[in-house]
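Several structures are given next for inspection.
Shared between the two complexes below is chain A, which pairs with chain B and chain C, respectively.
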Partner chain A sequence: MTEAKPATKQRGASQAAVAWRRFRKNKSALAGATVVGFFIFVAVYGVFFAPLPSRSFWCLYNSCADLPPFQNWAHPLGTEPSGIDVFSEILHGALGDLYVGVVATAISVLIGLLVGALAGYRSGVSGALLLGITQIFFVIPVLILILLFARIGQLLVAHGLGLTLIVVILGIFGWPTIAFVTRGEILRIKELEFVQAARSLGASNTRILFRHILLNVLSPIIVLASLLVAGNILTEVVISFLGFGDPSTSTWGLLLQEGFSYVRTSWWVSVFPGIAVVVAVLGFNLLGDGLSDALNPRIRE
Partner chain B sequence: MGGLVNYVIRRLLFAIPVFLAVSVITYLITNAAGDPVQIVKFGIRNISPAQLEYLRLYFHEDLPVYIRYFYWLNDFLHGNLGQSLYTGSVVALIVPWIGTTLELQIPALALALAIGVPVGIYSAKHQYTKGDYAITTTAIFGISMPTFWIGIMGIIVFSYYLHWLPAFGAYSSYPPYWWGSPFMDALAHIILPLAVLTLVSIATITRLVRANMLEVLRQDYVLAARASGVSEFKVTFKHALKNAITPVVTIVGLSFGVLLGGAPALETTFSWPGLGKAFVFAATRLDLPTVLGITMIITIMVLIANIVTDLAYAVLDPRVRIT
Partner chain C sequence: MGELLRVDDLRTYFYTEAGVVKAVDGVSFVANEGEPLGLVGESGSGKTVTVLAAMGIVSRPGKIVSGKIFFKGEELDHKSEKEMRKIRGKKIGYVSQDPNSSLDPLFTVGNQLVEVIRTHFEDTKDQAWDKGVKLLKLVGIPEADTRMRSYPHELSGGMKQRVAIARALAGEPELLVADEPTTNLDVTIQAQVLDLLKTLGKQLNMSLILITHDMGLIAEMTKRVVVLYAGKVAEEASTLEVFQTPKHPYTAALLASVPRLDRKEVLVPIGGGIPNLITPPSGCRFHPRCAYAKQICIDQIPPLEESGQRRLVACHRWKEIDLRRKA
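And then the complex of A and B:
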């Protein structure tokens, strides 16, 4: 075993190097990675640049409510008629959206990998059952159910959970695609020679599953996860826009909801948070597309 | 043909447990939301104890929840979705909403297919040219925008700034009509939401067609066809497209569900009187029977769309029928 280790390590590194070389060549993927990096930076450190605290109505009492953008440099993107500063709120909202996007995706990936691995590795009744449950999610109106759960969850747990409620709901509804892809990949990989070799060497089922198969499944999952972050941010925006989100935490969807009620007079409250959403989601989509090109072994250089 | 019938029957048999599972979950969650009697009580002045008792019996509150569910299921299967907690019966409310939603969704899907499929083929055939880059860049922007936000931008520009189109609703209830007649008025109202929905769907479909086309064009049998002197036009449209389009059919069928699901935000933005807006309105004021009814109706519509898709898939690809 000690002799086998350096060999696998070397091969892994070269695979990663090939992927990295392809990724670097892909301009849109690099742009995506840059945007995602910038988004994470803003989400984490935005608090220090924001002129006002989160959900602050300070301007209402300091005669700077309903300012148009680019006029007063203390409030570069304008303020809402209710006194909320759009620029501060976009900076604070980035954290909320990053939290929803990333943590919900992490939950989905965990469940998806587990279910997909079990369904793929175990043939028979339990595998078929898991596959059936996964397929149900493809034929139901998921967004309607997410909205329903968000609205009623909001009632049942009051405001105790806040954004975490949405994170959990999105996490629960996001795993089927990942499970499906994982299962397909596992069915393909488990027939390959190196798995047979490991089995004939006497490796246990658990070891084969986690050590040999899951590592090879990861590359399509990374791509899917990046696209899922984008999808989760979009869904969060819809939930908050419709008023089923958490009204006390800054998110871009909440800002868009407030903006829509003033859309006739104060267009800037609707425009700028939307641009922030598009940029962040575009970043994750570009990253996912780039990774998919870089990690796809079928595309030859 | 026998294989095809068998296949359809199997898909139908899969749809029934899915419907039941969704209905159980939706029923339980709307039940957990609150006591309908308490909600109705607010609408009635000086409610008498007899009225309260009647309401309790009407909602079967003397029975445990799993028996109530079967009462609801029985009513649902007989076409009775109960009374809204505010006004009217749910069926009478829902039926016109289904029409207005489809009036927006079906033209959008048809237009998006008519434009998205050729654009996707063009993009795949001219990979790494300027045209391809322009198309893929536009498409990735298209899938990165919240649909309703493009709608808001459209309203700001075309309604509030240029005053070309109406900002909300599906028609004007009384004159002055937009562009003269009631028919032109309806047309003026549908343009903006239809354009937004179509643009977003084009982006998704173009990306799918392009990816599938590239995958197929790379395969050996396409190379073989080219080598044996088949014209490039025939290779593209006869050999490659036939295999590239089958996964697109599935995804379009699935995205019909996504379209319907995406309806709530877009319909709310345009105040379009369809199922999605009605769902949001009912969920906001906790009109539980209406929420339950709309959710189940949308579920059934999506299930039907899926069965139709599966059928199309089986016709296009004979391999599917066997497994």
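And then the complex of A and C:
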């Protein structure tokens, strides 16, 4: 390390503190964090600012349907021909997209960490088997399967479950990358001397795996998870756009799909949610890149 | 002088895809209380694996094929993993080669010391913390209280090695194994760490096994030496005897490759490299590199013979050849 070390410092700089110092200096990372922070704020509190409730056709009966944007300040981003207010929908949709992005990612990270950790730590038959399963999940055409399961699920099981069904499916298909990276990192870390040192000093296998190995794997996983949130939001948009989404819950994908049918006449219905998707996904990507730079010990300022 | 660690005909093989690597192939030695023992040999001669096997922590694809290990007369190889954990760190402490990677980068020095202390003793966190501070003072780290809160990357290599030693001492072991403890340190720091190991041994009544390839360290630190070559014991004797009258050509070759200040001589490297241990050379494993090799060395494995009081050598020709260095 090259930082100056004040002798009077009370607590040493943890890796997290060092990473934060590096993160703070990275402008695009900060921009990403700001966008993500704003996105989360809108998702959580947007409901208080939205002029109309979610999926409301109020305008259809109050002669404000199919308004262009920037003309009526009660409906700043215009309305759909069906009467839905675009601005309200974007605010409500943020929550749906955050839900999809974060919860599906959490499911993927959980499965990926577990499978990857076991595959890496057990080098025998069970490890090879888990690696094989991961590879199978990696090569199957995920999108088609997701669409298939979404349709089957909607028809058979989950009437009214809607978005949660999509979240679960995305989570179940999103973990292979996490598992690969976890496995690779564990294979690397378990050969490091501090693992052997812990073992030589009487630490149990569980303690070594959770305290010394898994904690050291976390930084690349945090980066991946941030990128995966962006990926999941995009996939949700694709699913909705293709008409396999949940038509009763507000998401940006649903709005895009509705707008697509009259994009020639009412362009604003699909353009504004499109911009929202791009900005949010860009935000998560910048955040992930920034985290990757900040957490990578090989990059020193 | 009691017996601490006895290794009897230990064989540890690594089952790799290329074949079975016989890393340790019938190694025996005894480490006695208060008699620092050196395990010496080139890289790949099986020094580290021998010790790891004795502690039961050879990782896959390595496997202990046969052999017995005793600690203070107690047989270790029938013990369960749980019982072995009470021996590792508590009876035998281990300091590994590279201080830069032997400490977990995510935890403070104090954290890592407390972890080991609380593994082996029923201390509260505060008690363990105080013990940790004492340990750091013991290994000569200034401002121990502050350093407890430092992360490994904030310390220099020498400091890290001191912390690693402190951590190995945390279980108050009776035997400390130092595996090339100075290889990755600057020369000036090396001397400090060696001094530390020496004084600690006396202060804590703790015995030492030193693993190294450096005959200079052996002379400085140990009273007895086991010379390993390609997974077998080449020679075992007191340090003094090894330096004065080496009996195995390999020992002599190791000595000839160490520079000396007291006389002018040409350093003689040992020709060739350590043999492939999947298909080791026939007969004496050293014969392809040995200046004294004869037909018998190619045909027969030399037995480990007594060549004096508490002296063993595995060479067919030890009686005939004179390896003493010209004065």
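Here is the rule we go by: the second predicted complex is superposed on the first by the 287 of 301 C-alpha atoms of A that agree within 3 Å, B and C clash if a C-alpha of one lies under 4 Å from a C-alpha of the other, contacts with A are read in each partner's own complex, and residues count from 1 in each chain.
Going forward, a residue touches a chain if its C-beta (ideal position, glycine included) is under 8 Å from a C-beta of that chain, and two chains touch if they have at least 3 such contacts.
Treat the numbers as computed from the prediction; the structure is a model and nothing was measured.
S.K.: Could you tell me if A:Val277 is touching chain B, chain C, both of them or neither one (first, second, both, neither)?
M.R.: The answer is first: A:Val277 touches chain B but not chain C.
S.K.: After the superposition on A, what does A:Leu192 contact: first (chain B), second (chain C), both or neither?
M.R.: In the superposition, A:Leu192 contacts chain C only.
S.K.: Check whether A:Val142 is in contact with chain B, with chain C, with both or with neither, and answer first, second, both or neither.
M.R.: Only chain B; A:Val142 stays clear of chain C.
S.K.: Of the partners chain B and chain C, which touch A:Ile222 in the superposed model: first, second, both, neither?
M.R.: It touches nothing on chain B or chain C.
S.K.: Once the structures are superposed on A, label A:Ser200 by its partner contacts, choosing first (chain B), second (chain C), both or neither.
M.R.: After superposing on A, A:Ser200 lies in contact with chain C but is clear of chain B.
S.K.: When the two structures are overlaid on chain A, which partner does A:His212 contact: first (chain B), second (chain C), both, or neither?
M.R.: Second partner only, chain C.
S.K.: Which partner, once the models are overlaid, touches more of chain A's residues, chain C or chain B?
M.R.: B
S.K.: What is the shared patch of chain A, the residues that chain B and chain C both contact?
M.R.: none
S.K.: Taking the touch rule as given, give the residues of chain A at its contact with chain C in the complex, in rising order.
M.R.: 1, 5, 7, 9-15, 123-124, 190, 192-194, 196-204, 211-212, 215-216, 297
S.K.: Give every residue of chain B touching chain A within the complex, in rising order.
M.R.: Counting only chain B, the residues touching chain A are 14-15, 18, 21-22, 25-26, 29-30, 32-34, 137, 140-141, 143-146, 148-149, 152-153, 155-156, 160, 218, 254, 257-258, 260-262, 264-265, 268-269, 279-280, 283-284, 286, 291, 294-295, 298-299, 302-303, 306.
S.K.: List the residues on chain A that touch chain B in their complex, please.
M.R.: 28, 135-136, 138-145, 147-149, 151-152, 155-156, 230, 234, 237-238, 241-244, 256, 259-260, 263-264, 267, 270-271, 274, 277-278, 281-282, 285-286, 289, 298
S.K.: For a test of understanding, state which residues of chain C touch chain A in their complex under the given definition.
M.R.: Touching chain A from chain C are residues 52, 55, 57, 59-61, 85-90, 93-94, 96-98, 101-106, 108, 115-116, 119-120, 143, 146, 149-151, 153-154, 164, 167-168, 170-171.
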